[in-house]
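If you scroll down you'll find the structure; I have some questions about it.
Labels run A, B, C and D following the written order; every chain starts at residue 1.
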Amino acid sequence: VTPRSDLQALVEAVTFAPGYTRSVGTKVHSVEAGSVTLTLDRTPELLQANGYFHGGVIAGLADHAAGGAVTTALPPGKFAVTICLQINFMSAANGQSLLARAKAVRVGSTIGVAHVDVTSLRDGAERLCATATVTLRVVELPAKLAPDRAAGAP
Amino acid sequence: VTPRSDLQALVEAVTFAPGYTRSVGTKVHSVEAGSVTLTLDRTPELLQANGYFHGGVIAGLADHAAGGAVTTALPPGKFAVTICLQINFMSAANGQSLLARAKAVRVGSTIGVAHVDVTSLRDGAERLCATATVTLRVVELPAKLAPDRAAGAP
Amino acid sequence: VTPRSDLQALVEAVTFAPGYTRSVGTKVHSVEAGSVTLTLDRTPELLQANGYFHGGVIAGLADHAAGGAVTTALPPGKFAVTICLQINFMSAANGQSLLARAKAVRVGSTIGVAHVDVTSLRDGAERLCATATVTLRVVELPAKLAPDRAAGAP
Amino acid sequence: VTPRSDLQALVEAVTFAPGYTRSVGTKVHSVEAGSVTLTLDRTPELLQANGYFHGGVIAGLADHAAGGAVTTALPPGKFAVTICLQINFMSAANGQSLLARAKAVRVGSTIGVAHVDVTSLRDGAERLCATATVTLRVVELPAKLAPDRAAGAP
C-alpha cells in the first residue's frame, strides 16, 4: 500500500505542475486512496458573463479530481486518464469557491470510474452545483510523475 | 429570422465578455443559425502536465460552442444554458490550436441538444480529439446580452 | 404533500400498464417521494449471449426507476420524462435479479435529475453492476395516469 | 481484413443468439467494418404507457448496434463490450419501427467509441428520435462467438 503522504504528493505534483490546473489556482484539499477533494477560488478569469463559474471550469475541476481519485486507488506506477466525462449542472455556481469531492466507485486493471460532487461555497454554506461521472483508462505513470520525483526525493 | 451578422454579434458578445472564455483566448471562427465554430490557441496555461490541452479546457470550449449553436437556432430573445454535457476524449490534444464545431441537432421550446467535434490542429493537419453531446435548457436572454447591446448599438 | 400510498399507486400504474416494463416483469419494491426502488428477475429473454443481463435491460430499469424518483418528488399533476441518460457498466450483471435504487438529486420546475445504483443479486449478495445519471423534463401528467385512476378509484 | 460476409455473420450470431436481442425481434439490416444498422419492429411489449417505444428499448438497440460497429472494426478475435452509454431522447419514438445506425468513430487497441442515430419510421418517413455515444472496451472474442461457429462452419 502506498503511504498516504505519497498519494498526496502525487496528486500535488500533477496539480501544481506548470499548466492549466496550476494557472487557475487549483488547491489540493485532501487525498486518500480512492478519494480526492480539490478547491478553487473565484477569480474574474473563471466566470461566465453572468458572474458564475464557467461550466468548463467546473468540468475541469471535476475531471482533475476524478483522475486523482482513481489514480490514488491504483497500484503504484499506474495512472488514470479520462476517456469520457459526463456532468450535470444543478444550480448556479455563484459562490466564492468551488469544492470538488471525487470518489472512485470502480477500479479495475484497465478501467476506473469516479463520481464527483461539486459544491459552490457561499458565505459558509455549500450548495451542490454539479455532479459528474468520469470514466478513465489505466496507463503507466508518466516518468516525470514517478514517486521519487513527486515526493521530492533527490 | 435573425440576420446572420446579429447572430455573430451575439456569440461574440458572450464570448468576449470579461471572464473565462475571453481570458483563455477563445476566438469565434464562424456563426450560422444552429452552427458555431470556435478556436483556441495553445498557451502554457491551458495544458496538462504532459503538454496537451487539459480536458477541462476542451470541455469548456465544446460547452461554449454548443451554447452558441443552440442559442443561434432559437427565436430572438431566447438563450440556451447547459444542463448536462457528455464528452469523449479520443486522442491527445497535442496541436497548436483547438477547433470546436458545434451543430444543433434538436431545438425545442424548452430543450436543445448540440453535437460538437473538437479537433486539434497540428502543422496544418486536423485530428479529432473529442466529441461532445451537450443538452441545454432554453431561458430568457439575459438583459446584458440583448441584441442592441450585442450588436454594439448605442 | 401527496400521501405515500398515492405515490406508490402512481409508480405501479405506470410500471404495470401494458407495455415494456410490465412484459419484462418489473416489480416495484419501494416508493417514497424522490426515491424509487425497482427489481427485475432473471429470465432467458433478458440476457446477452454470455448469460448476463443485457445492457439495454439494465438501462431500461435504471431509466424507469429514475422517472419514478423524480415524478414522486414533483407536485401532483406533474410527470418526468427522460431527456438524457448516462450509464456506466461496472461489472457483469450475472445475478438472479437486478435491483435499481433511484434517488432524485435535483428537482426543479422544469428539470429533474436522478442518480441510480443498479445491483445484481446473486446468492443473497448484492454487487454494484451499473450506475446511471438520468436527466428529465417536467411535463403535465398524462390523463390516463391521473391520480384517481392510478389509485384505482372508480 | 475480415470479409464482409464474416462480419455480417458475426453480428448475426450475437444478435440471434438466445436472449434479449433475439426475443425483442432485432433485425440486422446491414453490416460493414465499423458500421452496423439494426431495426426493430413495434410490438406491444416494447412500448411505454403512452404507446411509444420505451427508452430502455431504444437504449438497448443503440447499445447493441454500437457494439457491432466497434467489433467489426477490430482485428479478428477481438470483441467490444460497453463501458458506458450516453443517450439523448430527441422526439417521441412513435413509429412502426426503429432504425439504429451505429458508426465507430474511434477504434483503439483497448477502447472504442461509436455514435448512433436512432430514427423512428412512421408511414415511410424517418424521424430522429435519439442519438447515443457508446464507449466500449476491447476484450477477447468469447469462444462461443468464434468466426467458424459464427459463420456456421462445421
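Going forward, a contact is a pair of C-beta atoms (placed from the backbone, for glycine too) under 8 Å apart; a residue touches a chain by one contact, two chains touch by 3 or more.
Since the structure is predicted, the reported quantities are computational estimates derived from the model, not experimental observations.
Annotation: the subunit A:subunit D pair of sequence copies touches via predominantly the same residues, more than half of the used numbers being shared. In this structure, the chain pairs C-D and A-C differ in their number of contacting C-beta pairs, and the larger number is found at C-D. Put simply, the C-alpha centre of subunit A and that of subunit D have 34 angstrom between them. Centre-to-centre separation between subunit C and subunit D, using Cα means, comes to 24 Å.
Subunit C has its Cα centroid 31 Å from the Cα centroid of subunit A.
Multi-chain contact residues of subunit B (touching two or more other chains): 83-84, 86, 88, 133, 135.
Because contacts link each chain to all the remaining chains, their graph is best described as complete.
Subunit B makes touch with subunit A in their complex at residues 13-14, 17-21, 23-24, 44-50, 54-57, 59-61, 63-64, 81-89, 142, 144-145. Residue ranges of subunit C in contact with subunit B, taken from their complex: 83-84, 86, 110-111, 133, 135, 137.
Remark: subunit C residues 86, 88, 90-91, 105-106, 113, 115, 128, 131, 133, 135 touch subunit A in the complex.
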